[in-house]
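For reference, chains read A, B, C and D in written order, and residue numbers begin at 1 within each chain.
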Amino acid sequence: MITKPVISAVEAARKIKDGAVLHVGGFLGCGSPDGIIAALAAQGTKDMTLVCNDSAIADPKSGRVTGVAPLIAGKQFSRMIVSHIGTNPETQRQMNAGETIVDLVPQGTLAERVRAAGMGLGGVLTPTGVGTEVEIGKQKLTVNDRIYLLELPLPGDVAILKAKRADRAGNLQYAKTARNFNPLMAMACALVMVEAEEIVEIGEIDPDEVHTPSIFIDFIVLAAKREQP
Amino acid sequence: MIEYTENKEIIAKRIARIFKNGEVVNLGIGLPTLVANYLPEGVTIVLQSENGMLGLGPAPAIPDPDLTNAGNQPAGVLPGGCFFDSAMSFGIIRGGHVDYTVLGVLEVDQEGNLANYKIPGKLVPGMGGAMDLVAGSRVVIAATTHLEKSGASKLRRRCKLPLTAAREVNLVVTDVGYFEILGDKFRLLEYFAPYTPEWIQEHTDADVLVTSTCSCCSDL
Amino acid sequence: MITKPVISAVEAARKIKDGAVLHVGGFLGCGSPDGIIAALAAQGTKDMTLVCNDSAIADPKSGRVTGVAPLIAGKQFSRMIVSHIGTNPETQRQMNAGETIVDLVPQGTLAERVRAAGMGLGGVLTPTGVGTEVEIGKQKLTVNDRIYLLELPLPGDVAILKAKRADRAGNLQYAKTARNFNPLMAMACALVMVEAEEIVEIGEIDPDEVHTPSIFIDFIVLAAKREQP
Amino acid sequence: MIEYTENKEIIAKRIARIFKNGEVVNLGIGLPTLVANYLPEGVTIVLQSENGMLGLGPAPAIPDPDLTNAGNQPAGVLPGGCFFDSAMSFGIIRGGHVDYTVLGVLEVDQEGNLANYKIPGKLVPGMGGAMDLVAGSRVVIAATTHLEKSGASKLRRRCKLPLTAAREVNLVVTDVGYFEILGDKFRLLEYFAPYTPEWIQEHTDADVLVTSTCSCCSDL
């Protein structure tokens, strides 16, 4: 198995260009590639489209900031495709001010759309959103007397992921609820970079326990050690 | 004359009695989360957390940054629980493998429509997982105080806010009674003392049918 | 976590009734629930519909028989929905003699159709089969200038699976290529029974390494010890 | 006068030179499987097996009943390989993550149509994974002897058998030459000594364009 280059977070950020469609793993910041995000925030790349579960947390009271929130604070996205923005008021401010476009997508639909992009499907039929604003502009199909919406794939230019462990070939394992969208985004993007807490030799991960196969991964970044809580 | 006092505990307690052993339940953020505190002795349910877990449990003393609930609070996993990705998580939800989902409410109406994700021009947090949960779960329970602070009924003839899902709510539990939605009516199954069926009909801005088996629940 | 009943293969077979739509895990017999299959063959249940990757192996020369082949030999299926029948000539004989209906489905499409049934999707759009006999009778949709076939969910009444390990709650782990369709069928059927080589206590399987969550499993059968090769 | 002799080894050898380091390849049952024996020194590819594996390797001395290739023969897994279910396996295939698929042929035509799964009334093994592999892989390589035992050309103007996929074949390697399919023609890239472009054109029942860079390959 060939090995994948291990690069710095700064080098990873450099591979992300203005205007990129960027998939970012994480759920309110749990399972986000924070090192690459910090480097990307410092780099100031603009006009990106974000595909992420949510716009993470930026709490004006506590000062707590998680996940993609630094990129949103830097106005680096001209569009966001997310399921939830309730914990980051700046997102809603930018949306109301017309500074960014926010497409709200039901979370399960978002997951299937990202998966469909990775798996070569032209779309999926979901019952979610029928009879709501979500159905506006979408094709409806009736199957076995139930109405479904046709939801289309959501591919990206770049995915940045967070993993617990990577081997040098790029096989990944995620930890607990930090898994979330990471394995789906790994399959959906042209360029895929993972920030791993630990990089191990090939053969150290049991082949029955690989969450994301190596072939999806292009570059590996070693995550900075976590501060003790 | 009965005076209305908001009582979230009663709502959580009554909902907690609905579940049978082994059933899979998703509890929404806020009021629904309280339900976990009131499960009867001997009833073991499996809590699903849409961020990718079955067997959601209380957080350990030292929180694990890789283990949160869907509201980003520290969480734990019970023995026999497991983790998965978001496609699997919503496959479990959409595929009808979650027996009950319990959600908070902005409005719920007698057709089973639910609005709980958006107040146009005011509050647009996004639907998160709510639309899938309501469309996919076997039974949808709306959990809500019966009246707003203003005294207006949360149970409506027809929702005015943007819908989370159309015609998917099956049960409504408020702090005055327990309702089933059927035939485009709220069918009162139980009323909670000191409230009476008459009081409930008067204070609900919708069609409330008192079922023939409707009974008073006074031990909540 | 509640535990699931551990029953015998004979008891499992009794739960499968004439006319059932039966999903069977395995790929040419690798990862098949052989004990339940043997009991079901002895029981002689009829008119079932088989959903399986293939009709397994029944080699008249070597006498080798794998997977669902004993059920086919007993003419227990009035219909088979499979991707491949080339290694079991009896299947083709029954098909040509009009004794059974065989629907041949591309393997990836079969996988997505079973998955869609489990995951509450109304169908998926796949490019596979466009321009071939497979497209006959199916709705075609064009997405981003590419033609796709709408493929519908394939739910079942009963799934019988093979796992390496089950815990008493029903969490499963599969071994190597014996995984194949097993985790997909686990989600797609009303009644799900697994034949496991090993049954362990709750808590013994790492929650990050569960392949099929316990909630899908209704009954557990302990597999007979394998003969040494 | 050149006499045609079937030579599967040459086909496998030439195909083995196509791949670059790290590419993901699916080898069909039969002739394509031979390709793995002829990979040049220093080129490491990743073999995908559609029954749920990346890193397919040779079988160990004692076969593992839980580890087979897609033809149900005992197999092994190389370090860094991994296992997954059939939805993931075909997601990898359909999603374009397999760089090359190499398949055997009943007929292949100059439009890139492939027939290899069915001879109506005679042989109906089913398509197995072939339809997904041909529709989904980035590059599809048809591997076939140039002539049938009868002397008929396997390369056709138009397939007559039921198609496995329409217009998906990119490259054809036979025991006489290496072709690209483009503009509804077989474009000859290389001819294998002792065969000549003229011989190939004469013995192919389709339009064969000899490209300007077409060269003789004599070291196979």
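Here, a contact is a pair of C-beta atoms (placed from the backbone, for glycine too) under 8 Å apart; a residue touches a chain by one contact, two chains touch by 3 or more.
All values derive from a computational prediction rather than experimental measurement.
Participant: Which pair, C-D or A-D, has more C-beta contacts?
Facilitator: Of C-D and A-D, it is C-D that has more C-beta pairs in contact.
Participant: Give, as an integer number of Å, the spacing between the C-alpha centres of subunit D and subunit C.
Facilitator: 29
Participant: List the centre-to-centre spacing of subunit B and subunit D in whole Å, with centres computed as mean CA coordinates.
Facilitator: Chain centroid spacing, subunit B to subunit D, equals 56 Å.
Participant: Centre to centre, by mean C-alpha position, how many angstrom separate subunit A and subunit D?
Facilitator: Roughly 36 Å separates the two chain centres.
Participant: Can you work out the whole-Å distance between the CA centroids of subunit A and subunit C?
Facilitator: 33
Participant: Find every residue in subunit B that makes contact with two or more other chains and list them.
Facilitator: As it turns out, subunit B has residues touching two or more other chains at 53, 77, 83-84, 87, 90-91, 93-94, 136.
Participant: Return the residues of subunit C touching two or more other chains; collapse runs of consecutive numbers into ranges.
Facilitator: 112, 115, 120-121, 126-127, 174-176, 179, 207-208, in rising order.
Participant: Write out all the pairs of touching chains, ordered by chain label.
Facilitator: Every pair of chains in contact is listed here: A-B, A-C, A-D, B-C, C-D.
Participant: Which of the residues in subunit B end up touching subunit C in this complex?
Facilitator: Residues 21-22, 24, 44, 46, 53-55, 77-84, 87, 90-97, 136 of subunit B touch subunit C in their complex.
Participant: Contact residues on subunit C for subunit D in the complex?
Facilitator: My answer: residues 27-31, 53-54, 57, 66, 82-87, 92, 95, 104, 106-112, 114-115, 126-134, 164, 174-184, 211, 226, 229.
Participant: Once bound in the complex, which stretches of subunit D touch subunit C?
Facilitator: Within the complex, subunit D touches subunit C at residues 49-53, 62-68, 70-72, 75, 77, 83-87, 89-91, 93-94, 113, 124-132, 135-136, 162-167.
Participant: Which of the residues in subunit C come into contact with subunit A in the complex?
Facilitator: Where subunit C meets subunit A, its residues are 112, 116, 120-127, 139, 141, 143-144, 146, 148, 150, 152-153, 173-176, 179, 207-209.
Participant: Could you please specify the touching residues of subunit A with respect to subunit D in the complex?
Facilitator: Within the complex, subunit A touches subunit D at residues 1-2, 115, 117-121, 167, 169, 171, 187, 202-203, 205, 207-208, 210, 213-216.
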